[in-house]
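Here it is, the structure, as structure tokens.
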Amino acid sequence: MAEWFQDNGLLLGLALLDGLSSAGLIFLVAVGLNLVFGVLRIINVAHGSLYAIGAYSAASIGIFLSGRGLPDWASIPTLILSAALVGAILGPIIERLLLRRIYAQEEVVQLLVTFALFMILEDVQKLLWGVQPIHHDTAMRWLGTIDVPFGADFIPFTNYQLFVLPGIAIVTLVGLAWFLRRTLTGRVIVAVTTDREAATAMGIDAAKVFLLTFTFGAMLAALGGALSSPTAALVPGIGAQTIVLSFAVVATAGLGQIEGAALTSLMMGLGRSIAVYFEPELEVVVPYIIMVLVLLVRPQGLFGVIETRRV
Amino acid sequence: MTAPFSRRDALAAGFGAVLLPSTLSAQPAQKPAEFKIGVTTFLSGPASVFGVPSRKACEMLVDQINASGGIAGVPIRASFVDEAPGTDHLVGEFRRLVQSEGVHAMFQSISSGSCLACTPLSAELQKLTILWDCGTQRIFEENRWQYAFRTQGYGTPEVLAPLLYLLKHKPDFRTIAVINQDYAWGRDSWELWKTGMDAMKPGVRVVAEMFPRFGSTDFSTEITRLLALRPDVILSTSWGGELVTFIRQAAERRLHERSLMVLPVAEASMPTLGRSMPEGHIIGTRGDHWNNHPSPANPALFNGLVNSYRQRFNEWPIYPVHHMAQAMWALKAGVEKAVAAKGGGWPSDLEMANAFRGLSFPTPTSTITLREDGQGLEDQIVGLSSFNDRFPFAVPKDMIQFPGEQVSAPVGQKSTDWLKTLKPDFIASAGARIG
Amino acid sequence: MRKIEPFLALLLAAAMITAAVTAPWLRFVLTIALAKGIAVIGILLLLRAGQVSFGHALYIAFGAYTVAFLAPRYGDAVVLLLLAAVGAGLLGLVIGLFVTRYRQIFFGMLNLAMSMVFYSLLEKLYHYTKGSDGIRVEIMPIAGQTLDRVAYEWWIFGIAMGLAFVLGFLIRLYLSSPMGEALAGIKTRETRLEFMGVPARGVLLAAYVMSAMLGGIGGAIIAMTSRHVTPLLSYWTSSGELVFIAILGGAGGVLGPFLGAAAYELVRIYAAASFADAWQMILGAVLLLVILFAPGGLWGMAARVMKGRAQ
Amino acid sequence: MSDVLLQATGLRLAFGGVKAADGIDLGVMKGEFLAIIGPNGAGKTTFINMSTGYLRPNAGEITYEGSRITGLSPRAIVKRGIARSFQLPQLFAEHTVEQNIALAVASRDGIWSPLTPLLRPGYRDEARDLLDRFGLSAIAHARADALNEGARKLADIAMAVALKPRLLLMDEPTSGVAASEKMGVVETLARVLRDAQVTAVFVEHDMDVVERFADRVAVWSQGRIAALGPPQQVLSDPAVQRDVIGIERHA
């Protein structure tokens, strides 16, 4: 064991660095899904579409503004603003026009409404952005790289992936935690998450909370997409790929738990990057293995609370 | 886009009273009012980066051919089917097009899985089927097909040519890593490569074999590992968005300074990558149809295709455009040959198919011959990525052309068996510099 | 409505047979629809218990690959159908022992995880499965009879139809039996079952194993019909498709899945033929319209029409 | 002591800081109707939950017919002949009342027959008979979620009775029943239970009901049994009147 660490300790260190940045992205997408699920009790399959639209929009807006002389440093704020814009426009439209009609319906129906929306948005993306890969990487290039020592060698990492992605994820986590615990609106959201009936009985305007939460969740999905756009080429189908992993995160994290989502993303991000180093064929199934193991030990998810049924 | 209307009408008839006898092929063939082709290609999902340009090309070529009198005097009409929903849907659509819409020829497909599923239908439904893009060697090596022909090269030459180029360009490499998409092409192409490499240059150490999930958007972990391993050569047969993502992430971290990259399917991603493609790496195009081909056999035809595509769609043609064009020209050549053989009468399905065996048809760059097993022999051109004033993206320099026959497994032999027989002296004799 | 269900079933069967006789390509499509209908009955069982499996494509793929792998060795359709059903049932038992401990999102997502692991295995074990290229299934003898292609296709269509009737009939009996009614009790009042001495988990597990077997049978028929199997059969969107069909058809009777499957296949073909690059949008829109304006799906619509007649 | 059916000894259970049971010793005699009264939150329902396996005590044990049942699952305890009803009726909302009862009847045999209908003559007749005795025949075909509170309550108890228990634990059987119907309902209930020779424990807030139907009364207060004995004696105790009944009247 000690010998193994001696041989592979350095690699493990690299895996850690890679795992952090991938965990950051996983978290940003999954936390929005989890927040929406906690409050609305709807697993939003179209969350992946919002991710994709966020990515495409951020790239398009970035390309448009760069062409008109936007300085390179402004590309990172542009990513964040694009995401906010996408969420602020699409969130309320989807919640008002679609989700509001089905809150009283069965879980499966709610799931399918978002599945239908996912199918529609998949084609909408294609109509708007075409099928050729789109990429706009000013943000990544402007930040440059940093050489991380690796024995006698060194490994260049992009500052964007090493610092910006985990950084924004941490800021989001801390900001969300502060918002949910310390602000009135945040506490209302938590109250609705923990006990919907009691909260509405206390006179909380559930409709407003739902609208707010969903919009917020949509912004987070779009933010995840926007932040992935500097490093990834955007093609049809990226939403479908991303959302599956987020499902696993939500179930593992526990209902509406943001800290749970953070820890789960970290485990999955690290698990995957370690797998790439030592057993690449396992990489794809690592998140599911983690999910199954966690749920075996904690059936309600990492940070989930057992819902006691009153009898 | 007037086609959907009539198609919809046909379909409406389909649900109510598609009650046409399904034995068209048995009846004496009459010259049809239009020559219908059914085209399967990806119109959604990640592979639509190939599918949509191919559809555009097909529509453009149909217009062009119809404007100049059609095929043997008959105008063409194409219907398109999306491959993305999966085999059961595709097989159903294939049958619908043949049995209900009465298409005269099928063009299929991009995905090897689709081709493997649909090619047997060509025999069952006795319908001329042109494999216009898929690359799996299994089709013609595991079976004989009377009605199916592939009008371009396939996996073996498309992997062997870049391998030979590498062995000529950097004969002293000792380590290699592979990073391919995790699906059949990614696995197959690696197996072909490794078999050929072990035969012609034994002793190369494979330091990493990575098959990231199909559709991955982040390769930073894989790149870190490659940076740490410092292999002499990195092979990736990835394509589309994934190749763009991989190269962007790799180039930013200067992986290209540590290892020589070999990218057999690079061409289609070059326009997207633009100037961010590093120079001096080995790139291929699944054929010889580079936009900067130094000496196309028919320059007027070549420029005509490239320019009219660019004018009409405001983008550079990529290899699926050329593959579609090859299929279309093969169709024209084959059908007209069959009609001529019949003295102007309209050939039956079988007569039509027979005309394709051994058919040679001109392409803008060269000539492709369909062997007796149905496989087309397409030349391969491989070169090093470079920039010039004519193109806003990387194109090859120091090109070597490999004749199709030289790099394809002979009829009746399995590719892996044949690759094992290659000797190191084959390297020097293969291919010739052009340009 | 329940009383006229057998009559409607005969009507639907007659319509299908007429269509299959007149158009050979419809025979193919309808065989697939029948196979999916059989699998969707399994979804229906779980929906009775209030649980949504977002991973049942796993059992379809398992049944299909069972046929693909074993056809060269035990090449008889009848034997293979049995093996697929039993094999899927055993797999369902193993997975069911785990997933039936969970409810709602956890149940749905664990099923999703299992199907995605299976999907990854089909891709990873390339040397056995040929990855995304898939495996070809040759025409096989049926009950010892070697048949030509057209006769074979008719036989498979007939077997699918026969199985649809037999299985539909058995499931109908089951659903109104104490065991089936207890299953529905899980949805509304699971704790009460325990206080009546009924092991709710066992009831759910039994239904889960049955649904897995139905999936295996459906998958086997799909493999025998399309005669080529690929991993896409087990991708999460295929599972979504099954739930889609269940809701489209309506959860009322066992006829619903078949109505839904036939409608789904035909709409998809119509959409694909008319709008080859926007068929997903059409399907999504159809689903949304059905959910929003025709709750109860096609079966519900039929029921309303019948009621209107009766009055 | 052969006539003790259920015996609790030294039961303790606390939720956070609240002691729902703080050393309970209580025996239930065969054939008696035992009422449990006390302020809300005193731990009355907790006693039923512990006796039926839904909650496990921190300490102490419960024996039934001489053998220990603490630690057993609700299912195992039902099989031994203890059934319960609920303060909030636990019905299968999407089934009819008749189906609800029939399911309870069927569950005595296990429900593992997959091919014969639930409403087969045997089960249906017994369910109808029971509905008849509870005066619910008129709503036999109504869906459970369409009933008023009183009917739900009765159906809930009927389901428990359908299990043919020897001991029935009822959590506030008359809450939600209209005041004018209350006595009639309890009358019916008592008759059914006496006919079937069922021992009953019921948590009750209505002192008139307790006085009329209970053989003995246990007063539950802050996790302890403050008094135990025949109704006339216990209910006239000034301390009980002050601490329990007084609160009840004002609540």
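Some notes on this structure:
The first chain written gets the first letter, and so on, giving A, B, C and D; residue counts start at 1 in each chain.
Please note the rule applied: a residue touches a chain if its C-beta (ideal position, glycine included) is under 8 Å from a C-beta of that chain, and two chains touch if they have at least 3 such contacts.
Chain labels with UniProt names: A, C = Branched-chain amino acid ABC transporter permease; B = ABC transporter substrate-binding protein; D = ABC transporter ATP-binding protein.
Since the structure is predicted, the reported quantities are computational estimates derived from the model, not experimental observations.
Contact with both chain A and chain D is made by C.
If you compare A-B with C-D, the chain pair joined by more contacting C-beta pairs is A-B.
Among the remaining chains, the Cα-based centre furthest from that of chain C is the centre of D. Of all chains shown, C has the CA centroid lying nearest to the centroid of every protein CA atom.
Mean C-alpha position of chain B lies 36 Å from that of chain C.
Each chain gets a centre from the mean of its Cα atoms; for chain C and chain D, those two points are 44 Å apart.
Between chain B and chain D the centroid-to-centroid distance comes to 75 Å (mean Cα coordinates, whole Å). Multi-chain contact residues, meaning those touching two or more other chains, occur in chain B at positions 44, 52, 182, 211, 213.
In chain D, the residues that reach two or more other chains under the touch definition are 54, 90. Shown for chain C are the residues that touch two or more other chains, namely 120, 124, 191, 195, 277, 279-280. Every residue of chain A that touches chain C in the complex is listed here, in rising order: 37, 43, 45, 98, 101-102, 105-109, 111-113, 115-120, 122-124, 126-127, 240, 244, 247-248, 250-251, 255, 281, 284-285, 288, 291-292, 295-296, 299-301, 309, 311.
Only residues 22-26, 28-29, 32, 120, 123-124, 126, 130-134, 136, 149, 222, 225-230, 232-233, 238, 265-266, 268-270, 272-277, 279-280 of chain C touch chain B when the two sit together in their complex. On the chain C side of its complex with chain D, the touching residues are 170, 173-174, 176-182, 184-185, 187-189, 191-199, 203, 206. Every residue of chain C that touches chain A in the complex is listed here, in rising order: 47, 50, 52, 54, 98, 101-102, 104-106, 108-110, 112-114, 116-117, 120-121, 124, 191, 195, 236-237, 240, 243-244, 246-247, 277-281, 283-285, 287-288, 291-292, 295.
Against chain B, the residues of chain A that register as touching in their complex are 11, 14-15, 17-19, 21-22, 25, 122-123, 126, 130-135, 137, 140-141, 145, 150, 153, 155-158, 161, 228, 231-238, 241-242, 272-273, 276-277, 280-281, 283-284.
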